[in-house]
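Presented below are the structures under discussion, each in the form of structure tokens.
Shared between the two complexes below is chain A, which pairs with chain B and chain C, respectively.
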Partner chain A sequence: MAPGAQFAAKRLGKELTKISKGLPAGIVLVQGDNFEEWLLDIQVLDSNPLYMGQTYRLKFKFGSSYPIEPPEVVFVKLPDRPIPIHPHIYSNGIICLDLLGQQGWSPVQNVESVCMSLQSMLTGNTKNERPPGDEEFVRGNRLRPKDIDFYYHDNNV
Partner chain B sequence: MPPLNAPEEGVPAAGLASWQQDNSSTSYASYAPNMLSELPELGPLPETPTSSPPAPGPLLSPPASFMRTTRPRRFSNISISSVAATVGSETQSACVGSTRDLTGRSPVLLINYQELQYESEVDKSLECPICRTPFHAPITTKPCGHTFCSECLLRAHQLRPVCPIDRRPLDVERDFCKARVIHDQLDRLRVKCPSQGCGHVCARELLAVHYERYCEYTPVLCPDNSCDLWIARQDAAPDKGCLHKYTPCQYCSKQVMKAGLEEHYDRECSGNTVKCAQCDSSVVQHRMENHVANDCPSTVVLCKWNKYGCGKSAPRHDVQAHEKKPCIYQAIGRLAQDREDDRLIISELKVRLSAAEGRLRVAEQEKTERRERKRRQAGNTNNTMPPFVPDLNLSNSPRAAASYNNGTLDSPEDYMLAQFERMETQMEDLRKNIHELDGLHSMRLLNDTMRLNEQIAELGSKVGVIGMHTTWLMNVQRQSRGQQRAGGVVGSPLSSLASSSGGPGTTNSATGSVTNAARNAPDNEGGRYYNSSLPLRRNSDGRGENPPRL
Partner chain C sequence: MSSSKAILLKEEGNRYFQAGDYVRAEAVYSKALIADPLNPTLYTNRAMARLRMQLWENVIADCEECLKLSPDSSMKAHYYLSQAHLALRHYDDAVEHARIAYDLCVQTLDKSLASVLAQVLKSKKERWDDLEKRRTRENSDLEAEMLSLMERERDEALRPDGDETMDEGSRREITEEWEKKMTTMCDVFNKARSADDKPRVVPEWAIDDISFGFMHDPVVTKTGKSYERASIMEHLRRQNMDPITRTPLYPSDLRPNLDLKQACDEFLQENGWAADW
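This part shows the complex of A and B:
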């Protein structure tokens, strides 16, 4: 096991213990049996018409240097789990959020805080649209989310 | 929240070495320039209004997390890797590094402080927001007062030189200081020793010493130089060789490392167990003896109070129940055990008492000696010798031997120690006595010989006087004879005296009044008689007519 992986595993173990004691409303851990990949479901709880009644599936991938480096977080599309429509979420599930990039990430963040940030990002959105250039991006992108050089321009959402 | 005002320098005590190394300013300085040059032109960000620093709750406030910047910022790999080169070695070493302990024994696996198990629940506010374990070697950021493990903060700082909580830019050299209060608080927490199999629990600050020096289960480098695996210290004797070589299991012929053999028997090996004839449980073959002696519930054993009269003998589980009930002999047994404990204590006290007595005796002896010496000094002026009785009291040794034989001293070591101590005091006594005697003898000798010398001198002088008398008498005789032969001169008192044919004691009555007077005088007054009545000079050549006085 790589030296950092032990650190990551320990930290994730701690988070898991905490999660097992309870998560905020609208967040459910679906799968968390290893320290590499977790699945969570999130819901938007208020009456935002864009997301009401929907459940979205999130996939967290943790590297060996988690929590120093951010996890890779994407929405996953399943028959009953759509990709939420949002000007910063591509239709393939990739999320453009500085919190999840090298710059915006902070090691004090955790799975729970990321989910809550996403929840609030959805809650605050009123635009029923995908990011500009969504189609080309989805067609052309072969990069992993963390390797994409996002251009964080929008401070309103 | 105000920044913690921890003092700058000069910490402390044991166990902090690694920490000091971690955040000593030199190691910061070595990579600070890189960091500074890479500092983004990012002004101080507004502190998040809600966050309570050390424990960032689940609610990471949106203003901070959604903050957008107008251009993507990346650090050049150079800066990060050079930082990693300086600091990373330390952070990594916490996981797999090794250190050579002070006794020069083989290096031990370093303690991973994140893995430690605490005896009691640790307050959440004492957990590092990064690793979520109780702080180890905490650092506080000066501008914003957030606290992290030094290792965690340095790692995060390598990536981005800002506070992980509120993103204030931080300079390693200027903005970090040790969180001493928290550190001390955490070092008092009781933790379990991280070595597998060791159940030791101690304060965290003492753990490093226990782990690195004393714990028998601490993983150390395999004694075989060609092997770089870890092995519990108790198995790392050089004569055992490398325990990481694969050997076939004696039961299942699977290749197993020697070090993992016991675990293999427990977990995976099949066919190694036999049924215990008495309790029906399956036991690894070579452990059967131990099982029967200590564990097997069906083996017939005696009640543990059997020494004190309980005659119960039954299968172990019955006996255990019987002992728990409890056995009626338990009271007596406990009493007897207490007595034995007391006896131990008493014998120990006896040893100490005898040692104290010895010391006291020595002290008393010294005192009397001092007094004696003083008296002797005073007595020497009167030339009287105080009677000296050397104190050669050796009665200690038979007594001590007796006490050992009586069983009051338990271990031969105690006995030997007591003996040794007594011997020492005796030697000291003897040495003193000998000194005393020596002084005494030389004094006596001196006094005696002085007296003898005086007497000899006196005798010598007397002999000389007698010799002179004799010469004088001989001279007188010779003179008178010469005068008779000459038929000579009459009338001189000398001649009349000489004619009386002898010394003063033998004079005849023929001569005059002078001789009569001489006869009347006592013998010893003779000298004076001659001197006063005969005004004659005594001749130095002995030819003088006047006899020398006595």
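This part shows the complex of A and C:
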């Protein structure tokens, strides 16, 4: 194991201990049996008609430099887990959120705080639309989410 | 002449080491040392190969040789010495050399700070575990010894004195009295044992928000927030920005948080298990 990977594993182990004692409402750990990839389900708890009654699946991928480097976080599509509609979420599940980018990430963030940020990003949204250029992006993108240089033009959404 | 030959051999050794062939690497470093026996880094390179081969005593010899040749500068020599001593269960030496390596890393802004910190914590934790194991054993030895002394006292008291025979009533009284004393003593030992088993909780103020580990060398930022030095340095290597306020932050802005460090040290004195928490 690379020296970095030990630190990532130690920190993720601590997060897991904390998670096992309870997560905020609407966040559930689905799979966290290794220190490379976790699955979580999130729900929006208020009555926003865009997301009411739905559950969304998130996939976290951690590199050996986590938490110095951000995790890669995407929504995953399953028969009962749609990709939430949002002007910052592409239909392939890629999320455009400054917090998850190379510039916006901070090592004091964690899996729980990322889930909560995504919850509130959905809660506050009223636009029933995908980001501009969604179709071309989904067709053409070959980059890993964290290497995409999103332009965070509208942080109020 | 001989030193350029040594450099070539050193590079050859490094290639073997990179490839994971520690035995060949060690042999080639040894050849290099014949060519240039006064080169301190050749000793630490060989020590690094010998660490992988688990030749602890040889690691120690190489590192000490290196430190003789360049007394103040070799962080690596102290780092490897700590690892070898720890493997040999020389706990105090392991902690001491890890500490020296750590201080050298801090002074020179060495990138290995996080790895060396991990070695400091591991040595401290293993030293504590060993101490605790011995303490537990000493306590149960003491308990057994006390019990047998008390039994002897009781038997002494029950022994017929001269020709007088003791009546049943007094015999029972003496026996019950000693039984009671022995039970009380065992209770005291049991209470002490269960105090050791109390839930181990690290207070929030001692936890670093980046590594989520116990803080060993807290430093404070301009905004008054403290982090483990190795964690925040790792972050600042990537981005010169305060993790919370996202305003500019540089290594030179960090100050040791002496009061917090003292509080952490005091907690660790009583709760050595937390060192590598």
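By our rule, the second predicted complex is superposed on the first by the 157 of 157 C-alpha atoms of A that agree within 3 Å, B and C clash if a C-alpha of one lies under 4 Å from a C-alpha of the other, contacts with A are read in each partner's own complex, and residues count from 1 in each chain.
Assume a residue touches a chain if its C-beta (ideal position, glycine included) is under 8 Å from a C-beta of that chain, and two chains touch if they have at least 3 such contacts.
The structure displayed is predicted, hence computed values, not measured ones.
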Checklist entry - So if we stack both complexes on chain A, do chain B and chain C clash, or do they fit? => result clash
Item to check | Which of chain B and chain C A:P24 touches, first, second, both or neither | outcome: first
Next on the checklist: If we overlay the two complexes on their shared chain A, which of chain B and chain C does A:V108 touch? Say first, second, both or neither.
Outcome noted: both
Checklist entry - Can A:S117 be said to touch chain B (first), chain C (second), both, or neither? => result first
Next on the checklist: Under the stated touch criterion, which partner chain does A:P67 make contact with: chain B (first), chain C (second), both, or neither?
Outcome noted: both
Checklist entry - Taking the superposition as given, does A:D98 touch the first partner, chain B, the second, chain C, both, or neither? => result first
Checklist entry - Looking at chain A, does chain C or chain B touch more of its residues? => result B
Next on the checklist: Can you check which stretch of chain B gets into chain C in the overlay, out of 56-64, 200-208, 506-514 or 542-550?
Outcome noted: 200-208
Checklist outcome for this item: On chain A, the footprints of chain B and chain C overlap at residues 3, 6-7, 10-11, 14-15, 67-69, 103, 106-108
Next on the checklist: With touch defined as at the start, can you tell me which chain C residues reach chain A in the complex?
Outcome noted: 114-115, 118, 209-213, 231, 234-235, 238-239, 241, 243-244, 246
Checklist entry - What part of chain A is in contact with chain B in the complex they form? => result 3-4, 6-7, 10-11, 14-15, 18, 24, 67-69, 97-99, 102-104, 106-110, 112-113, 116-117, 120-121, 124, 149-155, 157
Checklist entry - Which bits of chain B are touching chain A when the two form their complex? => result 56, 58-60, 62, 65-74, 92, 95-96, 112, 114-115, 129-133, 152, 155-156, 158-160, 164-165, 167
Checklist entry - Where on chain A does chain C make contact in their complex? => result 3, 6-7, 10-11, 14-15, 67-69, 103, 106-108
